[in-house]
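Across the two complexes that follow, chain A remains constant while its partner is chain B and subsequently chain C.
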Partner chain A sequence: MSFFLGVVSSGVATGAAFALVATGFVVIHRVTRVVNFAQGVFSVVAGMLCAALLTLGLPHFLAEVVAILAAIAAGFGVGLVAIGRRGTPPLASLIITLGVGVLSYAVVILLWGDGPVSFSMLQGQVDVGGVTMLWQYVLIVAATAVTFGALMLFFNLTYVGKALTACYSNPHAARLVGIDVRRMGLLAFAIGGGLGGLAGVLLTPLQPVEFDSDVSIAINGFAAAIFGGLLRPGTALVGGLVLGVAEALVSGYSRYASLQSGVALVLILGIMVYQAGRRPEGAE
Partner chain B sequence: MILEVRELVVRYGQATALDGVSLEVGEGEMVALVGPNGAGKTTLLNTISGLIRPASGSIRTAGRVVQVPEGRQLFGDMTVEDNLRLGAWRVRDRNLSHIYELFPPLSEMRRRRAYTLSGGEQQMVAVGRALMGGPQLLAVDELSLGLAPLVVQNLAEHVVRLNRESGMAVLLVEQNARLALDICARAYVLEAGRLAMAGQSAELRRSPAVQAAYLGGAVGEGEAVRAPATSPRTAGGGEGGGTAP
Partner chain C sequence: MRLGFWLGLAAAVGSLLLPLLLYDAELTIYVFIGLSIIVVAGLNLLYGFAGQVSLGQGAFYAIGAYCAGILARRGIPPLAALLLAPVLTAAVAVVVGLPVLRLRGHYLAFATLAFQLIVLSIAGQFRELTGGDTGLTGIPDLTVAGVGFPLERRAFGYAYLTWVLTALALLLVHNLVASRPGRGLRALATSEAAARGSGVPVGRYKLQVFALAAAFAGLAGGVYAFFLSYIAPGSFPILLSIQFLVMSAVGGVAVVWGPVLGAVLIYILAQVLQTIGSQPGMPLHAPAELNYAVYGLVLILIMLLLPEGIVPALRSAVASGRLRSPGGAAPGMAAGPGGAPVPPPARRQ
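Here is the complex of A and B:
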């Protein structure tokens, strides 16, 4: 029983981080209609940079904050190349983000080498209702909860948040009222970068990152995101948690821990086939 | 002049949508732009609004121009209040009370999502949203599109009152020429991207060509407002405006 709960708690923690990545996909897709395949890069960059800063002697928290700020800047930069030119069709932007992802390998390897990188997690564990949870898990869950709360407030209560929603709801009308849809898209990319970066600094102590870890991170985030059709952050949160727990159970109870990475892909295929069968009636 | 358009040429790829169009609107004036479907009326408004770059010609404005787009184009899945507030994106003042005074029914619907409103109510939101942008010139694209005659009449009266009371100029694009000529002092007739006629509404109404093409023969006495002859176009959002979930 306690093994089961331990597996679930680790699944919830990684799932929460997937949900952050997923929300990055969702925020960018909602505002720009671009599926940002460079979403995993933000986590890799933040994780690697954070490790490097810690090695240089920066204290925890400060290192994480700087790494997340760098990820925000990276998000903005990816946005600039992906949607910076007026009238770039979303499909072209998508290809550009794929290219940026591959290009990032060169940059990451030049800066930090091609080996796995990690850093120490929050030490110790805590007893939550009979389940011992690593403090790192608690940290991930708490950071995710706070982030989702902040995003909800931002999108539902602030004027800029509503303008972002307006860009998704009706881009033509958004332009007519004077909203600079392209600038809003860049803002969305920056937010997506920050979310990916946060996931990166939270996950790296649990799963060391390499230059090409962006693929598995992006696949997990994407699988969680398409739970809500790439449009609903709330559903992406549920998707992330389900996926995290499912993967933890597969690696905890099967003889082949590496099967875990297949879970997200199976999920993606399942959801896509299901949605493809549904599309004709309920056009999004 | 609040708006001066000179020799405007607009192309979509190879196709020329506007071919040397010149048009003026004076301060506090109400001007109609009529013409058949596909004449280039919406293209002209969108070019004036800065959404389309002209191939040549010039547009000079002396004040803010805000457009009420064809098919209303609301933020369908957002509330009425959010729609109105977003209209004020360019300006500081987000106080909605004058809009609710103008359209009292909207104040009871402020929490409803825009796509759940009737066509007439949606058009009120579209006009209200444009007014939130503090226009000196309100450019209305197909006010009457898809709406019942009484609803159109009510909306038209509101627009006329705004013009009279606040001196806001209006450029009214209409396929319903009878309505447009009734409430605007001056009018332009656009056909296939060129100005076919221009002048005082009273003169145009007497012109046999206008009567034959746009007024369905003789002018019906006392019939101020008529439903549009063509069926509403659904392009770009249609009834709901925006993307309803």
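Here is the complex of A and C:
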């Protein structure tokens, strides 16, 4: 039983991080209608940069913050390339973000080499109702909870957050009332970058990152995000947790631990099949 | 139109004579370029007409290669195995495409990416069938009724086989586009709703184009398996799918010239990068790094500057040139060698 709970707790922690990546997808897609293929890149860049800063002697909290800020800047940069030019259709933007992802491999290898990178996690563990959990797990869950709370407040209470939602529900009307849709799109990319960066900083101590880890991070995040049809952050959170726990159970109990990554892939296709059955053909 | 015809004839004759001048190593590149053209011709249909981006053409290439390799090793005549490869690949595509194509374009890119990862992981797991991660070795050479290519002219034989298949593929696409379903597809590319309103079976056409594109990739994969006589999951990385996409984007959705120009340019670029990257004194990961950098940059720049690709851009340049010269053709005549004006790929939503 305690093994089971241990597996579940590790699944919840990684699932929470997936949910952060997923929310990055959702925020960007809601505002710009672009599925950002470079979403996993933010996590890789933040994880690698954080490890490099720690090696340089920066204290722990500061290194993470700098790495996340860099990921926000990266998000803004990707947005500038992908939607900065007026009239770029979403399909072209998608291919551009794919190009950015491939380009990032070269940059990451140039800066930090092509080997796996990691750094030390929060030491020690804590006993919660008979389950021993690593502090790192607690940290991930807490950080995710705080982030989701902040996002909810931001989207529901602030003017800018409401403007972002307006761009999603009707871009033309949003433009009519004076909202700069393009600027909101760039803001969404920056937020997406920050969320990806946060996930990267939290996950890297558990799973070392390589230059091409972005594919698996993005696949997991995307699988979580399409739970809510790429539109609702709340369902993305649920999706992330379900996915994380399912993967942890597969790797904990199955003889084929390598099947773990298959869970997200099968989930993606499965959810799509389900959604295709529910929605009329070609519906938004 | 006449210019396009002569250009096409020149390219066909030129590429037919070219293998006579090439050494074995160069013939290998010739074969690979031809196979890429076949894959990209299929991808172009999907991208240009259905407005769908597939990152899984590498997966269909792999399925075709594994089908041909496995069947041939189990005693099926190699030619039959090669012909079965596209058929089986198209069948897989129908099963995958049936649900996924019903969703909007952005989903297909991720779904096909996921699909390729699943295919690679299956190929790596089922050791008895696929040889696992070490791969499938000893695929017999291609023979017709027991007669194969003579060993010393083997690459030469595959070069001409590839030429024939490439020509057939391009011819098929050319005729398809000019046919009634082709007109339906062109209507579909501009507006799905309008096409449906005019009686075009949108869902069925999209699925058929998806399956046809997969069949092209499967056929090319089958030739690949026989030509190299060895395949492994590592032969079909995600980067391969991205390479096909780059070729497609660079060439543009022009029916015949897009895939040809895109594949030739990108393949030669890849060879140049390989040569630069493996110069003495370059770090070990330099070739891969250069490839990533250039593919990424090319993809970004072509999408920003020439989103319709090189061939359509050249065509409109030629057309506007003719318009200025007295007695020239009107810009509407810019259909070019494909004989069919192809709408831009991107559907605005």
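The working rule: the second predicted complex is superposed on the first by the 280 of 284 C-alpha atoms of A that agree within 3 Å, B and C clash if a C-alpha of one lies under 4 Å from a C-alpha of the other, contacts with A are read in each partner's own complex, and residues count from 1 in each chain.
We take it that a residue touches a chain if its C-beta (ideal position, glycine included) is under 8 Å from a C-beta of that chain, and two chains touch if they have at least 3 such contacts.
None of these values were measured; they are calculated from a predicted model.
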| item | value |
| --- | --- |
| First, second, both or neither for A:Gly124, with chain B first and chain C second | neither |
| Touching partner for A:Ala173 - first (chain B), second (chain C), both, neither | first |
| Which of chain B and chain C A:Pro59 touches, first, second, both or neither | neither |
| Of chain C and chain B, partner touching more chain A residues | C |
| Chain B versus chain C as contact partner of A:Val81, first or second or both or neither | second |
| Shared chain A surface residues [contacts with chain B and with chain C] | 284 |
| Complex contact set, residues of chain B against chain A | 49, 51, 66-67, 69, 73-78, 82, 85-87, 89-90, 94, 129, 133, 236-237, 241-243, 245 |
| Residues on chain C engaged by chain A in the complex (per definition of touch) | 51, 53, 55, 96, 99-100, 102-107, 109-111, 113-115, 117-118, 121, 125, 192, 202-203, 238-239, 242, 245, 249, 285, 288-290, 292-293, 295-300, 303-304, 307, 345-349 |
| Contacting residues of chain A [partner chain B, same complex] | 159, 162-163, 165-166, 168-170, 172-179, 284 |
| Interfacial residue positions of chain A with respect to chain C in the complex | 29, 33-35, 37, 81, 85, 88-92, 94-96, 98-107, 109-110, 113-114, 215, 219, 222, 226, 256, 258, 261-262, 264-266, 268-269, 272-273, 275-277, 279, 281-282, 284 |
